[in-house]
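To keep things simple, chains are lettered A, B and C as they appear, and every chain counts its residues starting from 1.
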Amino acid sequence: MLEKKSKKGSVIALVCILVILGGVILLENVSMFMENVPEVLRPTSQLFTVLKKGAVYSLVAVSMNLLNGFTGLFSLGQAGFMLLGAYTYAILTVPMASKDQVYYLFGGSAVKFSLPDLFAGVLGAEGVGGAVSMVLGVLIAMILAGLVAAFFAWLIGMPVLRLKSDYLAIATLGFAEILRAIFQWQRLGPITNGANMIKNFPTFSSFNIENSAGETVLRLSTFVPFLVAALCIAIIVLLINSSYGRAFKAIREDEIAAEAMGINLSKHKQLSFCISSFFAGVGGALFAMYSANAQAKGFNSTLTYEILLIVVIGGIGSISGSVIATFAYVACSEWWLRFLDTPTTFQSESSRTMFIAALAVAGIAITALLLLRARKKKGGTGMMAAACIPAVVFVGYDIYYAMSGAMEVPFLRTGFRMVVFSVIIMIVVLFFRNGLMGTREISDLFKPKAKKEAAK
Amino acid sequence: MEYAISILLSGISVGGQYALIAIGYTMVYGILRLINFAHGDVFMVAGLMGIYFTSWLTSVMSPGAAVLCSLLLVIVMTVLLGFIIERVAYKPLRSAPRMSVMISAIGVSYLLQNTATYITGGQPMTYPSIPFLFDTVTVAGNNIKWAVLLTPVLVIILVLALTQLINRTKVGMAMRAVAKDFETSRLMGIKINSVISVTFVIGSALAAVGSILYFTNYQSIVPTAGAMPGLKAFVAAVFGGIGSVPGAVIGAFIIGICETIIKGLPSAWDVSVFSDAFTFALLIVILVFKPTGLFGEKATDKV
Amino acid sequence: MKKIIALLLVLCMSFALLAGCGGSTESAAPESSAPESSAPESSAPEAGDKVVKIGVFEPATGDSASGGKKEMLGMQYANSITPTVEVGGETYTVELVYADNGSTTDKAPSAASQLVGENVAIVLGSYGSGVSIAGGPIFDDAGLPALGVTCTNPNVTAGNDYYFRICFLDNFQADVLANFAMDKFDAQVAYCLGENGNEYDQGLIAFFEQVFTAAGGTVIKDSFPQNNSDFSTYLNKAKSEGADVIFTPVSIAYATQILSQAASLGIEAPFLGSDTLDDNMVLEAIKGTDIELYVSTFYQEGGDPDFDAGIKEYINSSADILAANGGNDTISAVTAMGYDAYYVALEAMKLAGSVEPADIKAAMWDVTYTGVSGDIAFEEVNGDAIRDTAFIKTANTADGTWTLETVQTGSGQ
């Protein structure tokens, strides 16, 4: 009975993934065969940037979730493993023709081959042969990127995985910083290009199919990251549902009990760490393709924190939560909240009045919410008084602003987007600790409630 | 020789500044088992407050008095900030898993950095030149600022005072009790929340003093200015044995001096870029071989 | 139940907020999205309702924010003088669209794609080579021409068909500075200090080393880690290794720290700086000290009196603009370059007779323009500007101004 049901579930999941992938291709190519599509569907639209970056980040977020959410190992080394993946991919795929130019400070690269070129040597560089050799080269470089990251994870995992929670976090964070310094070292320039970025390697847009006249006939630049991310996430999901996944979860819940049940702790921790790093490495390679360059500078702790916050927003221990949170996060930061960075003036008195009203409502709503909480937790008068602060501040400012008669929208200028963003994150962390999904998956939402209770 | 002394001097001053931050880390960790990632950013905000308060106060009073008042104001406001952060971001999560609190700390750090970027417009800000601290003095052929000479002295005085506080006073006893066993001390009638608040107040005050000395020496403040010193101070705290105040201070001096020596090695070796990486390598080595640090208590549940 | 109420409340609240802000932005006319520094937006003449957008790809936050803002000032000033352009018999209103690349190479690609998404006709910028190189492939993919203003690293335009620039290159700049060091100070030993992992710094140091060692000098190279703030060790090292000059081609945030620490250490060797150091924040940092600083740059105040007078008036016209220029009205070379870049872009549109990116790109190669910073034309391999002179200025530390030292041409290498 159970088996049958899970089979049905996986079929549904498979169909969903295929529908999404098909939808992406369609979305991307709508502008090809339809005139006058809305602005948002043009290939230059921010929508596709968001989709590409979202696909890349969701893979990294899920890989981090495998470690933090499912195995309970709190690692902050994700940026380091992404760096390894990105550099491995970039070093192996820079075409021979542009090596001298990319490594211009070091008189060419020490890596005297390029994977796509190697295949092109066999299959031919033109037409279908060229395309196949590019795809093969990219694919193998991507797998190698994952393997290199996994290998380093194995190396570093041997000593540090014995550490517990926050010590592990700080050790992996330190490891990522060490990697960054090494990759920027000028002495390693012939391989890593030192401080300079590696570029000119195949990116997502290299997958757009062009006809002989050089016109794009089929866009695949958004589809490719979706395909890779979907494939990798599917593998992670399968792994989580296997006996290994159950062992990981057992370790998360109670290490001592897990060990008593015969689970080899160090082996399973090591395995989870390596697998997570493998996919972080692949994610790093995708990230390099997304940004069309690889440079160690960007793979800093801020990147790790960003991924961590995505995982938290989505719910630690929920794969679908991570994916949804990634797209929401990327869309907000890259697209929807951008207007917060641009100073604007109100066009009419009515929109200004509306803004003032909205601000007052927001302030009072926050206070109402806090009061509700305070009453639930039976907080004292101090807590009640503290809950009134937001309303006082908001309404006070509101009155001041209304009196001032200024027509500029207050606060809007460079940097405000990130402030709003971090406030939202703090609200999620403090008030919705389980994130969007908690430990549930999206499929759980469709199950009848009674059965879920019974399953528990 | 002159060069060697100059390296030693700047090593000691860097170490002293790390020490002032590290004490905050080690005390908070000792009691809450929380890596307070926001501590480095509190340090940065204290620096920014120094800039704004000074420029604001110089418009209403004489420059000398303005600097003095603003320094006092910085310490008060930083203490307030530390207190508010603890109450808003950490206290509601007291019963939550340790990971949630740490994520909250990362969130606070993110918020402080982004707010600083917003307020300063992302431009590096220049710290005011504080009279006396900013003046230079010649030691063994090297020109150094008074702030550099004063840092280690101040650190030692503060640490002595702090150890007296922890070992001799009632609050100190309560702090030690809470650090030993959270639940039991609560049962014994210790007001845990006020003890934790006191810890944050002390930590923030020291961070404020540290920021005055640090930014007098290195006058430029960017929103990420607190991140690196913060992390290194944490490493120092681990190195010295987390929970131990003298340990954190000694760890901080060792790290500061090692880091400066690496920077000062001959350029031909090309290793000066690894001064940060060295700190982290040291951290990993310590964690693996002697997780309790130099002076840490032997406790199995900590690592 | 309470959770649901709470959730609903939050949703209501956020929607109310978004509706408040969103509503106002939607209703905003295109030209009202004014930059922060041109608050008193001189309402653009209503000549024709056709609008052409020019993307401004500059750092408004981060290490290079100070330079980016000054470069934007030049463009905004030019835009305030010439808000329209006549292309193919029609008058277009020029609108500047801003994207903040945050001075970092990881934020640059998304800022670049933001501009692509806004359907701009051409992109100006950026200050700082690293971000330009990172944004380059995005413009290349989208077929959008970009005009580098002060990004001097060779790799900005090399291998990128769509990137042009109006400034000189780093190998030229390093050549000028190395020769200057040899001629002026008879320097034998040069100490070079750059940020680890910064393409601009390391590129300049490498070129400087090539020229300087070829001329018989010795170069000592050092790099400091990102976010470093203690430079006294490096400076003492330079002193103990007997450096005759110290070459620090670093971003403004680091330059101010290095120079002020050098001042308190009493370093006597002269400092050489690249174009990034031509900034009044640097001047501010060494005012009243004994530091000797020479920088190579694109423009010297006094080169075009009309421009000088106009831009000074513009800078002093509002407190915001004055703050963006670092609190005084010293003219940075990058401001002059930003001003020129704006006119080169208009020139390209006129020549193309169209505001389509592809046409503008095709016309770009033939654009010639005489700007305040000199004649601008593009060579035909990479689209770099043909320039053979650099200004070398020295900081007058007594009153915090720049003095022209010499106008130098390269050694012809």
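Here is the rule we use: a contact is a pair of C-beta atoms (placed from the backbone, for glycine too) under 8 Å apart; a residue touches a chain by one contact, two chains touch by 3 or more.
Keep in mind that this is a model prediction, so the values were computed, not measured.
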| item | value |
| --- | --- |
| Chain of greatest Cα-centre distance to chain B | C |
| Maximum inter-chain contact count - chain pair | A-C |
| Cα-centroid distance, chain B relative to chain C, in whole angstrom | 35 |
| Length of the line joining the C-alpha centres of chain A and chain C, rounded to whole Å | 31 |
| Junction residues of chain C - those touching two or more other chains | 60-61, 196, 221, 223, 225 |
| Residues of chain A touching at least two other chains | 180-181, 184-186, 413-415 |
| Set of chain B residues in contact with two or more other chains | 117, 121-122, 227, 270, 273-274, 276-277 |
| Chain C residues within the chain A interface of the complex | 2, 5-6, 9-10, 12-13, 16-17, 19-25, 27-29, 32-36, 39, 60-61, 98, 100, 104-106, 109-110, 113-114, 116-117, 119, 130, 133-134, 136-138, 141-142, 154-155, 158-159, 195-199, 201-203, 206, 221, 223, 225-226 |
| Complex contact set, residues of chain A against chain B | 68, 74, 159-160, 162-167, 169-171, 173-175, 177-178, 180-182, 184-187, 301, 305, 308-309, 312, 316, 386, 413-416, 418-419, 421-423, 425-426, 429-430, 433 |
| List of chain B residues in touch with chain C within their complex | 2-3, 6-7, 10, 14, 117, 121-124, 126, 134, 136, 142-145, 217-220, 222, 224-225, 227-228, 260, 263-264, 266-268, 270, 272-277 |
| Of chain A, residues touching chain C in the complex | 39, 44-46, 49, 53, 98, 101-102, 104-105, 180-181, 184-186, 194-197, 199-200, 203, 205, 290-293, 295-298, 300, 303, 334, 338-348, 351-352, 354-355, 357-359, 361-362, 365-366, 368-369, 372-373, 376, 408-409, 412-415, 427, 431 |
| In the complex with chain B, residue positions of chain C that touch it | 59-63, 65-66, 69, 102-103, 191, 196, 220-225, 227-230, 232-234, 236-237, 239-241, 252-253, 256-257, 260-261, 264-266, 281, 284-285, 323 |
